[in-house]
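Okay, got some structures for you below.
One chain, subunit A, links the two complexes that follow: it is found with subunit B in the first and with subunit C in the second.
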Partner chain A sequence: MAAWVKGGATDAGAAVDAAATLLAAARTPVVAGLCAELSAIRAAYHLADAIGASVDPVAGASLYAELGSLSRTGAMLTTPAEAIGRADTLLIVGNAPWDRSIVQEIAESVPSRGRAAGTERSILSLGGPRNGATRHVAYPAETGGLAISVAHLRAFLKGHLAGEAAYADLAKRLAAAQYGVVLYDPSELGELGVEMLQGMVKDLNEVTRFFALAVSDPFQGRALLQLAAWTTGQAPRVGFGRHVPEHDPWRFDSARQIAAGEVDAALWLASLPAPRPDWLATLPSIAIVGEGSPEAAGDVADIVIAVGVPGESTGGALWNERRSTITYTPPAGQPAELNAAGVIAAIQDRLVQMKGASC
Partner chain B sequence: MLIRISGGRVVDPTAGRDGVGDVWIENGRVVAASERVPDRTIDASGCVVMAGGVEVHSHIAGGNVVMSRLLLPDLYASEAAPDGHPFAHAGGSAAWIGANYARMGYTIAVEPAMPPANALATHLELADIPLLDRGALTVMGNDDHLLQLLREREGKAAVRDLVALSVATSRGLGVKCINAGGASAFKDGMLKLSLDDEIPVYGLSTRKIMTALLDAVEEIGVPHPLHVHANNLGIPGADDSFVATMEAAEGRRIHFAHAQFYAYAVADAENPATGGFRSAAERITEAMEKHPNATYDVGQVAFGQTVTISLDILRQFAGRKGANPKKWILTAGDAEGGGIVPFVYKPRGAVSSLQWAIGLELMLLSKEPERTILTTDHPNGGPFTDYPHIIHLLMDKEERDREIAGLHKVIGERSGLCAIEREYSFSEIAQLTRSGPAKLLGLSDRGHLREGARADVAIYRDDKNRTAMFARAKMVLKDGDVIVEDGEIVNWRAGRTLELTVESDKAMVARSETYLQDRFGAGVSSFAVPDEAFPKADVFEDVACRA
Partner chain C sequence: MTTLTLRQEPSERLDFLHVNPLALSGLSESEAAKLPVGTSRRGLTLGDCFSLSLDGSDTLIIEGGSSRLDRVGAALSGGTIRVVGDVGQRLGEGMKSGSVTVTGSAGPFAGAGATGGTITIEGDAGDHAGGAVYAAKAGLDGATLVIRGTAGDHLGDRMRRGLILVGRAGAYAGSRMIAGTIAATALGDHPGFGMRRGTILAGAAGAITPSFVETGTHDLVFLRLLARSLRPLSPAHADLAASALTRYSGDLATLGKGELWVAAT
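Up next, the complex of A and B:
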């Protein structure tokens, strides 16, 4: 176990005490990061409620590229296993999805279930690499970017645009699918692009079956999203300043809040690897980070507590991208002395004790 | 601690009890009247004392419930936080669900649609519902592995073993099928499916899948009968599907989900698709009387904005055109998936008014309320928080007439509700909401107040305004602990999630491992719901199979 207060090594109890003292003095704290096992994220929401903090996950940008569109128009979705097993047509939008293993898995197989079983699989790309290792038919993005490209493609599908353009050909291929899937990265495509893409998928379902499949963010955002929804009834970015979860993705964007001077303390939770924000060292802060990570060092925040890494030195419920659900991952090695949920709960308990003592 | 609930009108139809008396509790159980001085006496004079309410069909957890919150985040209001549970004031949250059920005197609620592929997330969410015991039904009937077994005619033993493994792995309390084969058919291009229509690729039908599951459930000894969401929900002529499905059970125990949505007879035989519907409540009631093996929950409609949630993606896709507001989600999942479609039941609308009337008509025609369970199919027909008002309407003809007067005249033209004089008694309400659903779930120590019963007790102030009476219990005890006083939560204790104790066949485990690895790149353990995944211990409680 490793913990630091103001750069000096200490024990967990002293670090927890210091963290509670720091949060007790804060008026507008933020709980950020939340790249962790679900039990730790749960504990973080409970702590945020107790101290009136706002919450903003590191996965926020990716999640909200989807969520804005989702709450405005909805979606038609499928899972990786269904895409691999059923899709006779795969459209990959942008560059980002090409790094994901699902592309290779689909490219190396043929549909095995459903009406397209045994047929040849068609892989198409829009605005992706032209000379990738995977054999596919590439359609370049238009100069306006991916979202504009998707809009034009949709217009060809709807018959609002006509002609011999490449997108007319792509539109025909999509409409001919028996079970089509479009793979994309929400953070690359952007909120308006996602909304246009979902509209296109819904249009396609007037004539065939076609579904969207977003690649997951690497920061446990999809697991966190579920917990946030069942815990607060809302998406993740909420503020508890008035002791009721108020959802506002702009207002509770932690980077914006801190740049605007709205925050006077921060708790950064990242028991799994996540990019450390620049602002962490600029205000009174606590970092609960994975042991052995680069962040497990005394100079990262005022108080740093190293905890078990889920899947390595502690177990945890985590997002499983291939399964597209939450699954449990046991520790692969010797369990760590501390886990993030326990540390956060201890901080909250200490805050309660301090509040009781002050009455 | 010995507790005496004293001087209340004790209503327990399972014991033929409806009169002023006492209920004694010790160590979380109802006990015989004692000569000893009680440690606590609860004065229930002027009150009605019943067993805790039992919910058999309410969508309270799972991936589709999560998506519904994200699609329609403003459906429920969040209020300023009182003391107590941190999130009970967050509208639509797990804690809000637990608190609102408890305030009404309910002590257990079952999520009826848990896909095995999403079992862990569903159980994590259920475990965050405070106060209540919970459970979930494992959904089967569209999964490729099961359909393969049936297509290859592998026999009843193989189906039984796969069902047992699925229930054990997902830690379900029972088994449900949702438009069996419908999701698979939808993915392969079909937009309508009836009982004997062929399901593409597999050469099966809903009848074949459902009867295989009926057999498996009986052979395993699942206490709750197969929970069936039939074909053709919500369309004129759905009553034909309902009755045909009932007959297809051929005497085996079967439970029908949200019968109201099937009690729609074609109104115009010459234009069945466009002529609308009329009530088929009488037909459904007659069919129920002929089939004592069947039960149903109602799926009563409540007016206002809601969001419909169903794994019947074929039906939800068709329903997208009626989305209000105009947005919807449909997921083609690993078996069913889910469809989320917002909807407004309009009090002055002909269709909504008729739906509302049919649900009440079903309950008021029923000669056996224990086989007629009160639900709104939350949130599909409306929120569960409308139960007190529905009970009021059942118990008070005058109140019913007042409400009908403000609704569309179609109620008088296409349903028999206006002519029904019946008013439910407290005993019948207890059958509808306590003893009936408890028996249906096979939970012999719930739903009644006989000696040995779990001390889940609801105490209501007797009030002619039944809405007020049942909305805020004077007191609720869970396992003998007082959790509600004067309609407010006073003890945020955690309940348990009930799971069926069922053995898995080793050969089927090995076979499923191969199948799952091939399809998901992960084996049976990836579908598991281990205790270690939960932030607190002792989440689950075993329920035995039938002998």
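Up next, the complex of A and C:
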């Protein structure tokens, strides 16, 4: 079954009608999650605009750790392909990047082009695991965390601190790189840490070539960020309450809004796997979720509509981390009956019909 | 004086950017009642939420605050605003002159980008008080921000000019500070993280970032001048500035021209 209303199984049409009725009665709704194919995210933004909702993606924390720094100080970034092809030194900050396939890919290759071509590649770790799976030189993090560690390292790099400390050795290795890359996860490092790291990369470019490479969040945040920019001219957390997209990362943080009682209805969009928020069952809500997921059940929200999962049961434009861009992913299996973009568009059409009927 | 009295807790966040003594002075009560303050499709106006009593003076009293009153005193260019109760985010954001007083507590980003005037919070302040909002180049930028209670984390984040005087504050006070002065009775961990210039004075501080170095105790004329300037605002902070202090220099990860003064133990 593809849809549930108040826990009871129903057809998609009835669920769309119920969703439109719920949203029509709302005054300060929120559209959250947005872990989906790009067409569905686009439809969600258009729906939010139509009903005066605010928008907050599940990737928000990771995106804003990066954007907060980028918007003020800029960034020196590279792509995975450039890192694999050119880097003779890779610094991995924290634990999170070690789970990504790019680490193994870099570890098993050598620089093949550019000024470091043919040289041996060294992998350095700051505050990472010591599992020995990949040959690397490890430097422990400071007790204050990764951001503090990066600041301490940067002080040695700038020559403001000196001595026989471990970070002094790491600083020498980084400065000796011909083409260095630092790999990090913005959500693990935090905004202050990202800004400090980007400052360190800029300092390193005074003496050599060095770039940052942030691993992407697993919730389509990078793709969503581009869509938000070309749709609203803003970063993702916007509100349409006053008919124009207002950007305010604090005000439109959905968890904060709901905790403060500022929201009277929510639409949760997650056709791809995303952690279900605690608040979903606490207010009038609609969940548009991937079929076969644990969330595709009647008790998750007032109205639940199961849709095709992009890349599995429907096609969709998704973030391609390896290529650092948005690419189309065809369905791997039998196409689903419903897709998220179609369901959201149907809700919006129904809202327009209801508004016309009430005039 | 002009008085706005809140009828009941607002059902949504209200935006007071365009509600200040200067804006109200040229309006009749019926015109003022039509000023839009709502942030949703309801289209709430000032008259929907407040009863109004206008006399054209440069003093505005808001009776009955709420943590949903955003941008009270924002862009203020003169006059006085007094809020009896709480306010929401961005109190006095970008204000140029005048004074804003809140008898209750304030939400985050109080005094963000304020270039002049005085903001006084008699209760507590949220995170990023005197700090920069998203994408802004600077936090507090010349105004005086007085917080009688406690402040959250990131006090004075990217502050550029002016004075923040606070009781206790959370972690990362003065982070990414460009310049200016912060005086506190106690600060949380890692004060001054990433600061370039500026002065932080604290009665006590949590963990000091390893990219700060202790430079000893000093008897500087500057500290006496600082104590003198603080005394009219808070004798306790002035006494702190006049006491024995240990100086830390930092943040050496950046320009390193900032200083952190902590009461010597």
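As a working rule, the second predicted complex is superposed on the first by the 357 of 359 C-alpha atoms of A that agree within 3 Å, B and C clash if a C-alpha of one lies under 4 Å from a C-alpha of the other, contacts with A are read in each partner's own complex, and residues count from 1 in each chain.
Methods note: a residue touches a chain if its C-beta (ideal position, glycine included) is under 8 Å from a C-beta of that chain, and two chains touch if they have at least 3 such contacts.
Since the structure is predicted, the reported quantities are computational estimates derived from the model, not experimental observations.
A.B. asks: When the two structures are laid over each other on subunit A, do subunit B and subunit C clash or fit?
C.D. replies: With subunit A as the common anchor, subunit B and subunit C both fit in the superposed model.
A.B. asks: Taking CA centres, what is the subunit B/subunit A/subunit C angle in steps of 10 degrees?
C.D. replies: 90
A.B. asks: Mind working out whether A:161 is in touch with subunit B, subunit C, both or neither, as first, second, both or neither?
C.D. replies: Only subunit C is touched by A:161; subunit B is not.
A.B. asks: Residues of subunit A touched: more by subunit B or subunit C?
C.D. replies: When the residues of subunit A touched by each partner are counted, B comes out ahead.
A.B. asks: Looking at A:249, would you say it contacts subunit B, subunit C, both, or neither? Reply first, second, both or neither.
C.D. replies: A:249 sits against subunit C, while subunit B stays out of touch.
A.B. asks: Of the partners subunit B and subunit C, which touch A:292 in the superposed model: first, second, both, neither?
C.D. replies: A:292: touches no partner chain.
A.B. asks: Does subunit B (first) or subunit C (second) touch A:140, or do both, or does neither?
C.D. replies: In the superposed model, A:140 contacts neither subunit B nor subunit C.
A.B. asks: Look at A:199 in the shared chain and tell me whether it touches subunit B only, subunit C only, both, or neither; answer first, second, both or neither.
C.D. replies: second
A.B. asks: Considering only touches as defined above, state whether A:13 meets subunit B (first), subunit C (second), both or neither.
C.D. replies: neither
A.B. asks: When the two structures are overlaid on chain A, which partner does A:71 contact: first (subunit B), second (subunit C), both, or neither?
C.D. replies: both
A.B. asks: Is A:335 touching anything from subunit B or subunit C once the two structures are fitted on A? First, second, both or neither.
C.D. replies: neither
A.B. asks: Quick check: superposed on A, how many Å separate the nearest Cα atoms of subunit B and subunit C?
C.D. replies: Minimum C-alpha separation, subunit B to subunit C: 7 Å.
A.B. asks: State which residues of subunit A lie in both footprints, the one left by subunit B and the one left by subunit C.
C.D. replies: Common interface on subunit A, subunit B vs subunit C: 67, 71-72, 235, 242-243, 246-247.
A.B. asks: In their complex, what parts of subunit A are in touch with subunit C?
C.D. replies: Of all residues in subunit A, those touching subunit C are 27-28, 51-52, 64, 67-68, 71-72, 142-144, 147-148, 150-152, 154-155, 158, 160-161, 192, 195-196, 199-200, 235, 239, 241-243, 246-251, 260, 262.
A.B. asks: Residues of subunit B touching subunit A in their complex?
C.D. replies: 61, 63, 65-67, 69-73, 76, 78-81, 86-87, 89-96, 117-118, 120-121, 124-125, 128, 144, 184, 186-189, 200-201, 317, 323, 327-334, 337, 340, 519-522, 526-530, 532-535
A.B. asks: Could you pull out which subunit A residues touch subunit B in their complex?
C.D. replies: Touch residues, subunit A against subunit B: 38-39, 42-43, 46, 49-50, 67, 70-79, 81-82, 85-86, 105, 113-115, 117, 178-179, 205, 208-209, 211, 225-227, 229-235, 242-247, 315-317, 320, 322-328, 330, 341.
A.B. asks: Could you list, by residue number, the parts of subunit C that touch subunit A in their complex?
C.D. replies: 11-13, 38-42, 67-68, 70, 89, 108-109, 132, 134-137, 158, 172, 175-176, 189-190, 193-194, 207, 209-211, 213, 251-254, 256
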